[in-house]
């Protein structure tokens, strides 16, 4: 295996979490790469849903936007977006929802709305989009985020979507149907909620990464699980498949587009 | 013009009420014949919706059921039934709704549910189907019913759909969006609501029919409007078109169906 | 959930239990007659039958004593008249009393849509000025939290089992439906278990894009059953047998004639193919 | 309502008034850029802009000072990053303050669906555990009248004008859409006035059956406008210009560069054809 980037390792680590019979609600970026990598390796039958309304899509190249034509052309079907959110997500038909965020706290709550006060933010972020209800309804949520103390924070500026709220069963007491953030895949390894407190703790490290490196990247005092696993580097097959996918994607998106004059 | 039946005359009288730019919610039987006759004569652009989800349908022969394949094949589009009731009917997009009923009272309220008490009826009728909301939302409702004192009654056994309730603005006070039963086409002529009391009164008679014949057919003391119109018999063109439609329909439905063995 | 390919008898045996709520949907088009007959053959009891337009197949299920409750909005023989077995059950409790949960089409459509969305209730501007709410505790009011307007509310319908008939499925169990769908899609997605009988099973469905497809992972079982909607129809495969609907009026009018007919054509036949053959024989006799 | 065939400038002039609520929908696909540019050329003001995913065209409308309020659920440059003009309006009130009515996708989808159904509110199981309801009085609770469960409610969205781009219309004004639709159909049917720009006008639409069609009598005006979604895309006609979306990041980052660009390419061009030509010239320069 050649040396891989941390993004590649994160993508591979996330892909490995996906089962062949999973129904995944996919976001753009690393989650989309992870889901399609899973589909192209160990999970050929995985069902990918993008919120644009494309169900069971099998893109040959990664989409740049959530609504690329490639997603529609390779989908089992394309339905209006309100049906995606009511008949599929809210109906409890999604096994895995992928989310990212600008900020995440120790209970897996996410902020993608504002930095600073809501009414007069220092940074207005794009907003929650599909996240609040993905976080609510997916059987499990996987968060993918590169870790820095500015993004893994003690206190969110705004809670855009719910993780475990204040932990200790607070989420379940709201009646939230889904299981919440079961895994946070970062660029050093993985966090997962403690079974009782529901605080995110370190459960796995990329091979060769130290606990100290992980702690330095997290803005709260990071706890380490009783059992700490090691995440093996990408296999040659995983890495070849991912890189071929990324190469196809770059080539496809580099093709000049004809202005429709 | 050759002699016509009362059913034919009713159909023609109803068809004449329909404008070329109307959107009609059509029921099976006489309303379906009337709407398609209008389309084949003076209203070629009339939009016909059947509750099965067929929009802008232009059947060559009359459907026997509300969901005949002919309706789908000749439709501008076919949508799921919930959309017909929410995005079209409830949204106020229907100009004319056609209804029939087992019983109608002097305020145009309709019963298609039971004869006798609801819990132990002497006759269980098919039920309201689409009628309660057609009656509520269509800009105007046309009722087509052959009149007898058993069907045009002093007191309904059950109110399946609302006409003018107790009259004198009672319907409008409920917030019902549509205009209610603007015309009741019977086999002797037409009733319409009095502008203030909203009681159905005789407004037009088929040519040659007497007020006494009308009164005998109605189970309440029928009032006669200040202005009483005459409904001319079907023209040769109307009758030829209707009969050709009915002939095509009979022939089509008489074709033996192959059991799909 | 993963989709299984089963024989019809297996699917009914596995998934339709006595006392279950069962929706056989399809609006005039694609009514799953074969599946209904199999339910009768297996003598299921105490079913809560759900269907916007109880058709001949529900008349048969009711007349054979399979049903305890009926949720519906229009119970007639389309284009012909009454469903005599339904009437007999309501008017005379024969062969057993039938509880009624009666709605309008718009109300049932809202209830199925709420069910497919896993919301506890559906909202409509409906039932105003009608006597239905007074006789059905499942029709209530809800106030708009913005305008204060009172609207009608109905509880979501989530059948234990929904059964549809469709034109085709692929080997993975993706189901494609063409033509009139009624509330079939909503009833399918509202169900805890979905069984679909299909005219044909193909290697690959026709290009879909915006067509109506039930993804394989929403489908519990697919059953290959040619002619499974007859005497209803399957767009592109065979036409509705209107003459049968007319003949049914006389058959169902009389209890004994009904029982004899069911005995001969349904209980006396092994499967849907044999049922169709028995009608064929009768037609050519 | 009867559908008119108009030029784009006429349609905007006739139907988009200062202060109106306007939804330009299309989800990544079929975004009506040409119509948005025409609104900018006509210097409309105080608009209530509505859109699930404010895209570059809303960044431009906001940066040019056309908007007073924005109803939205995700305001970014898809696959690239921020909408800098939207940020500048929210963070610094430039060129004017922008009021925000912020939802989740599911909330806006429910609001458009309620609007299309002419219900006053939409219901969803949503927003639980988020700070959005605390900052938006348009997110309330409603209790299920059967189970007592508290659910989220949002007021219906009924834009004064919805503008879509689609592949084709026929001469009567029936509009056919292929591919990803997002909430375009619901936004269209929720509108008081619907304008659709199309790639082509044909004598007869392709066979529809269960395809997505907006019937002509739901359409107020049809405008023939080739390339009207560029730099978004029209499935079957042209691809999304991802490079333009990436270039936009640098253009929109700087107020003056943004103004210069708008001046040159939008205000300085007569119509969409001229806009496209100005980009073409730049590309080949």
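Think of it as A, B, C and D in the order they're written, each chain with its own count starting at 1.
In this section, contacts are C-beta pairs under 8 Å (C-beta built on N, C-alpha and C of every residue); 3 or more make two chains touch, one makes a residue touch a chain.
Bear in mind that the values here come from a model prediction, so they are computed numbers and not experimental data.
Please name the chain that ends up farthest from subunit B once chain centres are defined by their CA atoms averaged.
The chain lying farthest from subunit B is A.
Whole-Å distance, subunit B centre to subunit C centre, using C-alpha means?
27
Distance-wise, how many Å sit between the C-alpha centres of subunit C and subunit D, to the nearest whole number?
40
Got the subunit C residues that touch at least 2 other chains?
In subunit C, residues 118-119, 124-125, 149, 179, 181, 209-212 touch at least two other chains, as defined above.
Could you tell me which residues belong to subunit A and also touch two or more other chains?
72-73, 78, 86, 90
So how do the chains connect up here, line, ring, star, complete, or something else (other)?
other
Give the list of subunit B residues in touch with subunit C in this complex.
Touching subunit C: residues 28-29, 51-54, 63-69, 71-73, 78, 80-82, 85-86, 89-90, 109, 113, 118-133, 135-137, 158-162, 165, 171, 174-177, 253, 256-261 of subunit B.
Where on subunit C is subunit B touching in the complex?
27-29, 52-53, 72-76, 78-79, 82-83, 86-87, 90-91, 102, 104-107, 109-110, 112-113, 124-132, 135, 149, 179-186, 212, 226-227, 230-231, 233-235, 237-245, 273, 276-277, 279-280, 283
Which of the residues in subunit A end up touching subunit C in this complex?
21, 23, 45, 47, 55-56, 72-73, 75-79, 86-87, 90-93
State the interface residues of subunit C toward subunit A in the complex, per the touch definition above.
By the definition above, subunit C touches subunit A via 2, 116-119, 172, 174, 189, 208-213, 215, 217-218.
Which residues, counting only subunit D, touch subunit C once they are in their complex?
Against subunit C, subunit D makes touches at 118-121, 123-125, 138, 140-147, 149, 151, 153, 155, 177-179, 181, 209-212.
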